[in-house]
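There are two complexes below, and they share subunit A, which is joined by subunit B in the first and by subunit C in the second.
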Partner chain A sequence: MKIAVLHIGLLALLFALQFVLPAYHHGNLARIMVLASYAVGYNVLFGYTGLLSLGHALFFAAGMYGMALTIDHLGWSPAPALIAGLVAGLIVSAALGVLALRTAGVAFMIVTLMFAQAGYLTILYFAEWTHGDEGFVIQQAQRVLWGIDLSDPSNRYFAALALFSVSLLVCLWLVRRPFGRTLVAIRENEERTAMLGYDTFAHKLGAVVISGMISAAAGASYGLLFGYAGATFASVQYSIFPLLWVLLGGAGTVLGPFIGTLFMFYLIDLSSGITTAYMLIAGVVLVALTLFAPQGLAGEVRRRIWSWLP
Partner chain B sequence: MSLLSARGLSKSFAGLQAVRNVDFDLPQGEVRALIGPNGAGKTTLVGMICGRIAPTVGTVHFDGRDITRLPAHRRIRLGMAYTFQITAIFAGLDVAENVALAARRRLTGDAVASAVEAALARVGLAGHAGQEAGDLSYGHQRLLEIAMGLVQEPRLLILDEPTQGLAEAEITAFKALIRDLAGNTTVLLIEHNMSVVMETAHRVSVLNFGEMLAEGTPDEIRGNADVQAAYLGTG
Partner chain C sequence: MELGPYLLLATLEGAVTAAVLALTAVGLSLVFGVMRVVNIAHGEFFMLGAVIAWYVAQMMGGHPAIGFGAALIVAPLLVGAIAVAVDMTILKRIDYDPERTIVATIGVLYIIQQLTLMGYGPDARPVAAPFNTRLAIPWWELKDGSLQMYWPWGLSTTSYKLAVIVAAPLVLLGVWLMMARTRIGLLMRATQQDRDMALAFGIPVERVYALVFGIGAALAALAAVLIVPIQQAHYLMGTDPLLLSFIVVIIGGLGSLPGTVVAAILIGLSDGIISVFFSPTLAKILATLLVGLVLVFRPQGLFGTRGS
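Our next item is the complex of A and B:
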């Protein structure tokens, strides 16, 4: 009950904010909600299953390009293009999962990093179709979903909120299901989990695919809502971001990814207003948080006050 | 009929022969103790039975089926349960969730909670359900391991030194628990505590330097000169 109130409450608050926020923050929050959905996807694998991937940009980009290329080259409308993005995420994450899950620990980090790098280089290599580094713009006329113009700020905000709501509720549902509990058990002690009769490989593969598909949904939505697809989104940077957001907000908490994304977005936004050395400020705050709130913001709240936080 | 039957099991670790050519049969419903000096290969032998350790050579049959090539989780699903010698609970999760993870393999919904409650009560941890497992005392962690085994209602329950670190009263309760299981559940019990062996086991197998040295009733084993020699180190 408390859990439902808290999470539905957050979504209701985000809904209400649409009507009161000034344009600048309104635009930011739309972006944050899409990126937070990406972080929610990352958290399924990292926070709940205990698998540290350094290659999630591959899934984000798979969704983004699956959507954008079908619009650009095949002239698809947004709805089927979004589905194409999801299917791309499904295929890529299943393939990567089958291969990378033969390894564990540091080797898993390296293998995922390598695959994502290969994906990034593939986008650059096929520049004829992908426009490589420069990327390409998705025109306003191509971004009308069921008669709703997604380039309009309000519509964009609601679309971002819809994506975030689905991601958050899927994550919340998942981690309270036996499947999600088993993922946590794998994180805590994989051998023990196998010796209770669970197929840990199948569970981890399931986690990679769910995580990859939420990430791909975020990538596809990002391209569609902000009208651009580019190779930057497949670069290492975009694999590190969700890790940072999740660590900051609290790995293995449902709300952590949103809190972390929000916090880091405004940390960089505010500090870049003060000095050009804003990365320094951001860095210091990050180090301080790691030292004083090692479980992330939501993780500390759970540890100190609300032990029921999922 | 044998529920479990192993033939010619051997395991070497980088030249060290931990288990050599062991044949082992366990009839349905029996409580069997597996004893032997430290390093005799007991944990390695049951590891090959439950699938944690791949044998170098040999075969394992369970309920008439060749399971030698089955991965551990598939063997567990056939009705084996294994409790670790070195406590391997989920330290960061609460006690009830530890047992629930074991229960959810065969139960769903509300049945899980009542099975968890029953298993915890059976090992005397009823009051600890909400506690974080890592905060339990060592002896209580051992009892939690046992509860995780019991709640699976296995056909074959393999316990690796379950009474290590238990208090006297807890050991007495453990003996009663095993006697209670006897007949329904087949139990393979690795045990150093001789009073537990003598009072609970139908038969005893003795492993020494990786080889099966003797097998018999507790009384036969107690009187066996080879076994005495192995334990006193004069063999």
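Our next item is the complex of A and C:
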């Protein structure tokens, strides 16, 4: 009950904020909600299953390019293009999962990093279709979904909120199901879970695919809502960001990814006004978190006050 | 130009890459071998070496050789000291946990890179080579039934590049001597084989770790000083060496020094040759895929035999 009130309450608050926020923060919050969905996807794998991936930008970009390329080259409308993005995320995450899950620990991190890097370079290599580093703009006329113009700020906000609500509720539902509990068991002690008769490989693969598809949905939505697809979103930086957000907000908590994304977005937003070297903040926060608060913000809240926080 | 001289040129360029790469990768491999942690900030130590070399060369003035010689000593020492500080303030406190070390060193990567951007700026700056004589290379071709020597246009190298190719093996020999013949090398190998046992025998494991981390970074810095008269010092120059070192260390077998050297020569040479004939991006795609697949299907590396 408390759990439902808290999460529905957050979504209701976000809904209400649409009517009161000034334009600048209104736009920011739409962006944060899409990026937070990406972080929610990342958290399913990292926070709940205990698999640290350094290659999630591959899934984000798979969704983004699956959507944008079908619009740009095949002239698809947004709805089937979004599905194309999801399918791209499904295929890529299943393929990467089957390969990378043969390894564990540090090797898993490096394998995901390498495959994501290969994906990024592939986008650069086929610049003729993907426009490489420059990227390309998705025109306003191509961004009308069921008669709703997604380039309009209000519509964009609601679309972002819809995406975020679905991701958040799916994550909440998932981690309270036996499947999610098994993932946590794998995180805590994989050998024991396997000995109890659970098929750990199938569960981990399931986690990779779910995580990859939420990330792909976020990537596809990001491209559609903000009208741009570029190779930057496939670079290492965009694999590090969700890790940073989730670590900051609290790995293995449902609300953590949103809190982390919100804080980090505004931290970088404020510092980029002062210096061009804004990634310095990201570095300092990463080091400080590993040293002093490996639980993250929501994790600390759970440890100290609300032990029921999912 | 014909194929023969072309290949020779590519091989010479590749040998320079291989020499510098071997130093950088052995630094990474040493750290992984002894401490069992992956240092993502390794490429930034390389970059720092190059940037410090530029500052030293600026300050010394006079003949290029003076500034370069000073940089050759100052840069590795300074970078080594920074690495020791990173080890003692960060890595030691998270108890060298492999996964948290990766996250922390990603943070260190951004901190070093962005501080350099703030202090040194976004420009690429050159350091003058201590000596740089152009050496034309002759080639032979069969004409009218007899071999004739001629000097193909563009087939040349510099005395400095040859010096780099000679210097790197000497440094590597020094590293090997240190590991195999000295007391500190013995302590490092003991720590590598069994940390707890080493600790029980009174080896100051934490100091050994700090030293190894410093030496690993110093090797990267040294490699950067050697390459900086050929490339230029830039705050983003650490990315490629990091990636290539990863490739080398993984293909050579994690933590195996001889494997690392062999792989560095292989990758360095083939990188030079492949980049001449194919697109560099394609070469990089193939290399990163190779690393991923090697880790998935042959985690002990192509040359390793030990299960990890």
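Side notes on the structure shown:
The definition used in the following text is that the second predicted complex is superposed on the first by the 290 of 310 C-alpha atoms of A that agree within 3 Å, B and C clash if a C-alpha of one lies under 4 Å from a C-alpha of the other, contacts with A are read in each partner's own complex, and residues count from 1 in each chain.
Simple rule for what comes next: a contact is a pair of C-beta atoms (placed from the backbone, for glycine too) under 8 Å apart; a residue touches a chain by one contact, two chains touch by 3 or more.
All values derive from a computational prediction rather than experimental measurement.
In the superposition on chain A, A:Thr122 makes contact with subunit C only, not with subunit B.
Once the two complexes are laid over each other on the shared chain, residue contacts for A:Leu243 go to subunit C alone; subunit B is not touched.
In the superposition on chain A, A:Tyr198 makes contact with subunit B only, not with subunit C. Touch criterion met: A:Ala185 reaches subunit B, while subunit C stays clear of it. Looking at the superposition, the partner that touches the larger set of subunit A residues, subunit B or subunit C, turns out to be C. By the touch criterion defined above, A:Gly75 lies against neither subunit B nor subunit C after alignment on the C-alpha atoms of chain A. Within the complex, the subunit C residues that touch subunit A are 38, 90, 93-94, 98-100, 102-104, 106-111, 113-115, 117-118, 243, 246, 250, 279, 281-282, 284-285, 288-289, 291-293, 295-297, 299. Contacts from subunit A toward subunit C in the complex involve residues 52, 54, 99-100, 102-103, 105-107, 109-111, 114-115, 117-118, 121-122, 124-125, 240, 243, 247, 275-280, 282-287, 289-291, 294. Note for the complex: subunit A touches subunit B at residues 178, 181-182, 184-185, 188-189, 191-200. Of all residues in subunit B, those touching subunit A in their complex are 50, 52, 71-73, 76-77, 82, 84, 88-93, 97, 100-102, 104-105, 108, 148, 152.
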